[in-house]
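Have a look at these structures, which come just after this line.
Two complexes, one shared chain (chain A), two partners (chain B, chain C).
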Partner chain A sequence: MRRLSTAYAPVAAVIVAVIAVLVWFLPSYYTGLLTLIGIYALVTIGLNLFMGYAGQVSLGQAAFVGIGAYTSAVLAVKLHLTPWLGAVAGAVAAALVAFALSFIVLRLRENLLALATLALGIVINVVFNEWDFIGGSSGFKGIPGFALGSFVFDQRAYAILAWVLVGVGIWFAGNVVQSTYGRALIAVSAGELGAQALGVNSEGLRRQAFVLSAVYAGIAGAVYASSFTYIDPTSFGFLLSVNFVLMSVIGGLRSLWGAVIGAAIVVALGQILQTVIPLVLPGARGDFQSFFLGVILVAMLILMPRGLTSRFASDGAA
Partner chain B sequence: MTVTAEPITLTVSAVSMRFGGVQALDEVSFGARGGEVLGVMGPNGAGKTTLFNIISGVQRPTAGSVQLGEVRLTGRPVDRVAALGVTRTFQTPVMFWGLTVRESVCIALTACEFGGSYPPRADRALLPSGLGMPARRRADTELRARADAMLERAGLTHMGDRPTESLAFGEERLLELTRALAVDPRVLLLDEPLSGLNPDEVGEVLRLIRGARDSGIAVLLVEHAVGELLSVADRVVVLDYGRTIAEGPPAVVAADPAVIDAYIGDELE
Partner chain C sequence: MTAALWQYFLGGVVDGAIFALVAAGFVLIYQVTGIINLAQGEFVMIGGMTAAALTTGGMPVVGAAAIAVVVAATAGGLTYLLAIRPARGGTALTLLFITLGVDVALRGLALFVWGTNPYSLPPFSAGNAIVVFGGALPPQALWVLGTDVLVFAALYLFFRHTRMGTAVRAAVANPPIASTFGIPLRTFAFGSFVVAAAIGGLGGVVITPIPGVQYDAGLTYGLAGFVSAVLGGIDSLPGALLGGFTLGIVEHVAAGLLSPGWDQGIGFFILLLVLVVRPQGLLGRAARRA
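Our next item is the complex of A and B:
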């Protein structure tokens, strides 16, 4: 009998079904938030494979979301390619960039790896900003939506799409972490030299996990671009990368459900802070939101380093 | 015993290692055959662990080289050396915390499954695992069964589900040795595998070492428990201050005045 926390596919299916019903009753504002949570959860599931299981850190994940978003948007606007293929292309583009960058950044460990991924995220964002072909600082407007036959996706459909992808993403990642492959990721993060002495190429393993995390981010980016119909470089900045780490840490690094819970909490907190901060600190600007999220991140790392899900479930070693 | 009929598996040629002003190893040369236990003796600081680090690719020698058959190992990273058939254990066992005992052994078995090196290309392990393909699931199930069989052989029966965090020190040593044997190596380097063990566990490890030798593995054994080392070794190399001071059958080496001198000198310090 498998525990609920490791029955990834059935639980994911139930969540998707609930959301598919829920969107018919929610005000459109909340449907939009639900879509955003789904998109962020997808990124964080991929990030957890790299951070939680392989024991690495990435402070540049927003860049891969951006690469997915821009790839899909450019192909849709300039070449009239359907976003379905755009999402595939976005995932491939993000994967290729991650693969190339991995030869530089994955030689580094811990703090240096964090700094290197942070720097790469910023550099990629500069490219978004300066490259006129992809809109430069003014970004891309009027990005075509997903469609099935003659049905062009509305807000409800995007919420369902995002969460179907979360379901598929959690099914795939769940299979990975429950396989010998996932155990190897943990082995390398727990005792690298010991694993290497058995023939495990730790750098190769980390590279695959890094590229896989970029695939998740790239697909999420393509959905983001089409559902919001507008992207610009600020959508994929450093703060978004920090938020992904925050979602990861809050939910629990070595937990796939934690990624979903973390994404929901961070998005909800953002909304609450947006309402509460002006009441408490009149005249405060948006930066204060990041400030408070930062405080929460530090508090989490000190008080609950294994995340919220560590209290009621762990789906590392089943 | 027909030890000499076996060709030399591992060749250490004039290996020197200098750390700043310290000459840790000075032109050390010897060979090890499949199917023999080669004891590596020497007082503290003689360079034994440095020698193992150089053979296994953890460190690069200042001069000299190590070869497995005709293949040069020197300059290759640890996982490549392992993929070619040379694995090792550590003075302090390296555990994979977060995994169970069985899962730890499965890591070794899956590396072996893919020709000694893991991971293979993404389409051979990552994607089949993620997509839950039946062939991959079956392969994983098979790995678990084989891991249990190996654990049983090491006297770790029924410990498969134990988290590695919960193991006692002696169990860690036995698990690490089981992992190393699971990659089906040609050369096995054991760095003080008996230290910290109770008499039962010492017997268990010695039994596994003899079993490995009988299956044709070249076992290199660094051990401070001289009595046990001399009882299990077919041949002994003695290092002192980074130099080989004696080499030969245990009985001959144990009676060598230079060896006795080195050990007594060590005790007087």
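Our next item is the complex of A and C:
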């Protein structure tokens, strides 16, 4: 990487600026949703580097979000460490776990890699559930918030923080995918043997992309823990991992903006369905929405397997 | 201690019997289509739910069971026609994600139809627990084990002793060549989904009197079923049987010794080990390609 590209920077800066203004006018409920979208978008950007660009698959990404969240929460509650350092520690912890596990799971490919990452996500969730030191199944309450000086973060500040992280995350990922490194990732996804023949170290690249995706998830987890002040194992289960896949697929696997769009659509859709379904089908409960999310996932994969953004852009070529 | 261990072991045998049925569904679909169907566990839930809901509504168990199997098989067929077939030509991952979507959708649909309440089904035969060397086994366990025997025997006879079974094996061995001999690959793919779902549904009917059933039960069955299938070898029906019972017993004994919450974690830890040490599973053949 000779010089950092700024290709993604202007749009990212505009989005962050818009959010920073918007939060002063939105009711707090919507500000909370914006924060959630930002956190999920951050995870999905990382996931897209690993799934979309490097052509791998992870059905256990929620586990890394959980590791980030728990690391930050435990350090803050038990050692009174500021969440700023907690977020760094969360990213490092997620990265270390991903690095160690990569020697096991990345020996596999495609279907078997999907099963292995799914298994890994569930094993890590069982550890969250059974380890009493980190709260076991009752979770962790009273997680301290972020603060700058004497200003303790409120809803608005979290929305802005989440979206600043999305902006930085996109800018960084944009640099990754436009570098020789990113082109090597795409080469790996197009065919590992061919990439190796061209001198690409595919094993190292897959590992790095996996670890990088865990870093994104770990940071997102730390922000999640502090902004909601409460976490428990069910927050990071298999269904959240499925949701990340959904966001990734809807936005477009090989697109960075797609990650943001996918996260926004899935969160918004969840809200809309929760409101609309009881009106249309009086007997139906709000959580019937998972039926529609499943159907949408199937329909997207059949009709637009490359995601919504495939119409507009060719992020990082293909 | 020994008595407790033996009791855990017996509990594991019952779990293993249902895992083996789900695993058989995975293997059938994977063999014929190359797809890992993550929705497989939902057919167990659909079978159990349909039978329990109809029986609660006053229908005799036999009729409810028959309808439940048909409903599950229909769900399997529709899964193929509506979700899998339109995406043919998609990559392995696209198809895997599609089955994931089907899984989520079926669970949501079950929530809509049956709500969140747990349903139960009376045992098929009355009587006290059967005592086996000092351990207790519910009478219903014999129905589950008997279903295993029936299903696996039927599959064995079909694949080894019928013309159509031979044709399916030819289609699995070499699809293009089988196709040139007039073997209808797509019909077989459809059939594999219907049969796998029917087996899952039947499993759901016979197991439900023991643990009960609710709308989100399919996830657990599905996960355990594919751990069993991978453990035994995803291209081997005997492997499904072996993998199912191995997983059921190991999970149950380990959870009994540690704490109940660990059982799923242990199952998946085994999956990780198997994937690394012997990705083709206990009885499977080495992967066709890297």
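Criterion: the second predicted complex is superposed on the first by the 302 of 318 C-alpha atoms of A that agree within 3 Å, B and C clash if a C-alpha of one lies under 4 Å from a C-alpha of the other, contacts with A are read in each partner's own complex, and residues count from 1 in each chain.
As a convention for this text, a contact is a pair of C-beta atoms (placed from the backbone, for glycine too) under 8 Å apart; a residue touches a chain by one contact, two chains touch by 3 or more.
Source: prediction; values computed, not measured.
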For this session: Between chain B and chain C, point out the one touching more chain A residues.
Result: C
Exercise. Looking at the overlay, what does A:Q274 touch: chain B (first), chain C (second), both, or neither?
Worked result: neither
Exercise. Given the touch rule stated above, what does A:L212 touch, chain B (first), chain C (second), both, or neither?
Worked result: first
For this session: Would you sort A:L198 into first (chain B), second (chain C), both or neither based on which partner it touches?
Result: first
Exercise. If you stack the two complexes on chain A, which partner ends up touching A:S28: first (chain B), second (chain C), both, or neither?
Worked result: neither
Problem set entry | Contacts of A:N111 with chain B and chain C, given as first, second, both or neither | second
For this session: For A:G182, decide between first (touching chain B), second (touching chain C), both and neither.
Result: first
Problem set entry | Contacts of A:F172 with chain B and chain C, given as first, second, both or neither | first
Exercise. Mind pulling up the chain B residues that touch chain A in the complex?
Worked result: 56, 58, 77-80, 82-83, 87-90, 94-100, 103-104, 106-108, 110-112, 116-119, 122, 125-126, 129-132, 136-137, 140, 143, 163, 176, 179-180, 182-183
Seminar exercise, completed: Within their complex, chain A touches chain C through residues 57, 59, 104-105, 107-112, 114-116, 118-120, 122-123, 126-127, 129-130, 137, 238-239, 242, 245-246, 249, 281, 283-285, 287-298, 301-302, 305
Problem set entry | Residues of chain A defined as touching chain B within the complex | 171-173, 175-176, 179-184, 186-187, 189-191, 193-202, 204-205, 208, 211-212, 254, 316-317
For this session: Enumerate the contact residues on chain C facing chain A in the complex.
Result: 36, 82-83, 86-87, 90, 92-94, 96-98, 100-109, 111-112, 115-116, 219, 223, 226-227, 230, 259, 261-262, 264-265, 268-269, 271-272, 275-276, 279, 290
